[in-house]
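Worksheet: the structure to be examined is printed underneath.
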Amino acid sequence: MSILEVSNLSIRFGGLLAVDDFNLSLERNELVAVIGPNGAGKTTIFNMLTGIYRPTTGTITLEGENMVGLKPYQFAQRGITRTFQNIRLFSNASVADNVKMAATMHTTDNLAQCLLRTPKMVRNERALDEKVMRLLERLNMADKANLLAKNLPYGDQRRLEIARALMTDPKILLLDEPVAGMITTELEEMAQLVKQIREDFDVSIIMIEHHMNFVMPIADRIKVLDFGKTIAEGTPEVVQKDPKVIEAYLGGAYQNVDA
Amino acid sequence: MKKCLLLLKKFGPLLGSILFYALIMFLRREKILNGYYMQVLMFAGVNVMMTVSLNLVNGFTGQFCIGHAGFMSLGAYGSAVITTLLFKGTEFAAAAPIAVFLLGLLCGGIAAALVGVLIGVPSLKLKGDYLAIVTLAFGEIVRALLRLIQPIGGARGMIGIPNYANFGWIMFFVVLTLWLVRNLIYSPFGRAFIAIRDNEIAADAMGINTTRYKILSFCIAAFIAGVAGGLYAHVLSFIQPDSFSFTKSSDFLVYLYAGGSGSLTGSVIGAVLLTILPEMLRFLADWRLVLYALILVCVMLYRSEGLCGGKEVPFLRIKRESLYQEPLFGRRRASSEHEEGGQA
Amino acid sequence: MATILQYLVYGLQLGSVYALLALGYTMVYGIVGMINTAHGDFLMIGALGTFFIAKLFENFHVDGTYPMLIVGLIILIAMVITGGIAVGVEAIAYRPLRNKPRMIALITAVGVSMFLENFPRALPFIGPNPRPFPTLFINRTFRVLGASITSTQVIMIVLAALTMVALDRFVAKTKIGGQMRAVSMDKDAANLMGINVNKVISITFFIGGALAAVSGICYASAYPQVEVYMGSWLGNMSFVAAVLGGIGDIRGAMLGGFILGIAQIFATAINSTFGYAVGFIILIIILLVKPAGIMGKLTIEKV
């Protein structure tokens, strides 16, 4: 049974139909990539899947529960978390605190316990810190735990965004261009990381990405968007050979990369 | 030995406060500090509380409250109504003045906090400057209302409020406020506030109910401001609506940003220095506020991150590493038992 | 009926003061993005300046008033002086902070405001005491539908209206107006397009200061007293007016000013404290219904 069911999702901004009839049935632990040229509506789909935009029509169902109309924080609390294309870290907080902030919704301490800093609260804080450090270790960032997020190099900021999203214990992780602006060596690392996350955390992943040689080897399925419409769908091999896709998006570009 | 050091670190600030209190009391007894200086010091304490609470909203949660004197006035009037109108001259007040005083402060704080929620709920949908102007409007409306209510003196204000608050009480509440607010900031609540400040959209996307935490931040700040207002009323024993105008609110903003927002140390330094500075400049007569204004502008121009620039003295900060310190008393319990059911 | 008309005239009179001051607020906000709390003090400087300039022209004083030409000259000089001070304040105190968080500029503005109020107060020839403002305009009273309207009121309202129309045309039609709009949209892009951003901001402050001077003259002619603290309260009210209309929007500021002025006069007729608070009550109601003010457009952050 699929974990996320998206059907007939459309959104209209004024006269512009930004996303037209998007459908997706996401299996548990599956990795789906959404590709398409700039302005195809990819990030808009993410914004609808995380409650930032409310779709004009269509339904989003997570494990049988209707999600349309919920607030963004409720999407996160029910298990859909995302990273952002234009990095949105809590820049004046430390790396460890950035990750801890994403665990706010799991807090069991009430206000009085926090104000008085009771032994129980300190114990919970320590447990949280240990959990955060384990997560950071997996992402090779443990040594940077006390740095401010804004002082991290670019690649680390992207990884911190992923760490932060994982801290919410998501069922579905949405990665919005995780390797945008990264250099080739970092691409390989990130591909490894995404694979590892998928195995270790038992999450389903939807990913927006431009880099074909990053997407092709790790995605189970690819959906290709153009002007808000889904023009092709299938395994990387199938999509790669689809003439519509080659015309609309890949063109000569992918063949260049491939060569 | 190590334990001794830890003990000192933990209770040092408390010890320091007690020593400071003793010093001031000694100076007072030796007549080096007269009653006027004592009053200035007490106002400095009240201002520290006001600035710290404003810091919670503006500095840590990233909202703009520019009508903070409104909450202060609610606390001042709320507590004065209890101590002066309800209990003054009663046998109970004669027998247990402290109880009446504390009850007054509590009621003042609660009144301010309730109104904080009341205005917070609709207005926190507004962002940035629009929220700021609503808080300003709120402060002025409260002032207008207080002027209209005759039983509490109308525009003339309330006189004859018992001066229960002495320097010791002020010290006590300042230290308590700092301790509580520090604990709050280094807790899941404080982290949620800071997340909202740094990136509201990301905070929302990470499952933080931003509206709820913003209201909470307002509410806590209003409570502290209310208690500070109550103390103010019982230092001065006279309050009037016009003491809590926008000018007063902007004083607190000045203390906050001149000291450095987002830092408790900054709030303390800003409030104490800038409360005492105008008094020290009194010999300049009419030129006093001119110089004060010049100093303020220069501080903002040449040190716009504030006097202490977001830095925090050790005991107003809780480091990550301190979570792993051996507790002073008893054995350290395995931390994982709670969170993950003894998995580790 | 007559009373209502009478109040309406008073309301328009006060509203024109607010509107003129709110224009400066809104222009500075629109272009620099800061709340210049010292703006009300420009009004005081304008009024106080007029007081002293009028003294210089005492020789032309006839029949308790001045010839039209001299009045025009006095107003012009006051506008230039106030505008110049506003430009100076921006260059010294605000310009270095342009890229800092906005609250920093706000606090600096509080300091500037304190300075502008207390410096003249400390000067021996000005001091804290209120002074009677000279009569600049011919004072005749007309009776219209039972309400009495003075020529000063008519001149004030007309003057304010003309200034506003001129400003609106200026921003919409002239080259500098276009540059102002460009800077308000994106300072960096405007700079790259060869617009001298500093110059545009200076001009904005000059216009704001000059309008504040006109507004100060209007106010002091209606309530003929000048003192150093007169600007702070009027400044706050006109800020409310600017937000009411949608801060950053010129027509919104005018609308907000008149709404506020009229509402305040009518509410004051009921109770003076209520008259003071009514502006804030209207503000809260309007912001809850339209979170960016009457004419303002809400900007949505792109995710």
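By letter and in written order, the chains are A, B and C; residue numbering begins at 1 in each of them.
As a working rule, contacts are C-beta pairs under 8 Å (C-beta built on N, C-alpha and C of every residue); 3 or more make two chains touch, one makes a residue touch a chain.
Being a predicted model, the structure only gives us computed values, none of them experimental.
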{"item": "Chain contact graph, described as a line, ring, star, complete graph or other shape", "value": "complete"}
{"item": "Most remote chain, CA-based centroid, reference being chain A", "value": "C"}
{"item": "Central chain (distance from its CA mean to the mean of all protein CA atoms)", "value": "B"}
{"item": "A-C or B-C, whichever has more C-beta pairs in contact", "value": "B-C"}
{"item": "Length of the line joining the C-alpha centres of chain A and chain B, rounded to whole Å", "value": "40"}
{"item": "Cα-centroid distance, chain A relative to chain C, in whole angstrom", "value": "50"}
{"item": "Rounded Å distance, chain B centre to chain C centre (Cα mean)", "value": "35"}
{"item": "Chain A residues counted as touching two or more neighbouring chains", "value": "52, 84"}
{"item": "Junction residues of chain B, two or more chains touched", "value": "201"}
{"item": "Junction residues of chain C, two or more chains touched", "value": "303"}
{"item": "Residue numbers on chain B that touch chain C, as the complex places them", "value": "58, 64, 122-123, 125-127, 129-130, 132-134, 136-138, 140-141, 144-145, 147-148, 155, 201, 246-247, 250, 253-254, 257-258, 261, 286-287, 289-290, 292-294, 296-297, 300-301, 304"}
{"item": "Complex interface listing, chain A residues touching chain C", "value": "43, 47, 52, 84"}
{"item": "Residue numbers on chain C that touch chain B, as the complex places them", "value": "29, 35, 37, 93, 96-97, 100, 103-104, 106-108, 110-112, 114-115, 117-119, 121-122, 128, 232, 236, 239-240, 243, 247, 271, 273-274, 276-277, 280-281, 283-284, 287-288, 291-293, 301, 303"}
{"item": "Touching residues (chain side chain B, partner chain A) in the complex", "value": "180, 183-184, 187-192, 194-195, 197-199, 201-210, 216, 262, 320, 323-324, 327, 333, 335-336, 338-340, 344"}
{"item": "Interface residues, chain C side, partner chain A - complex", "value": "303"}
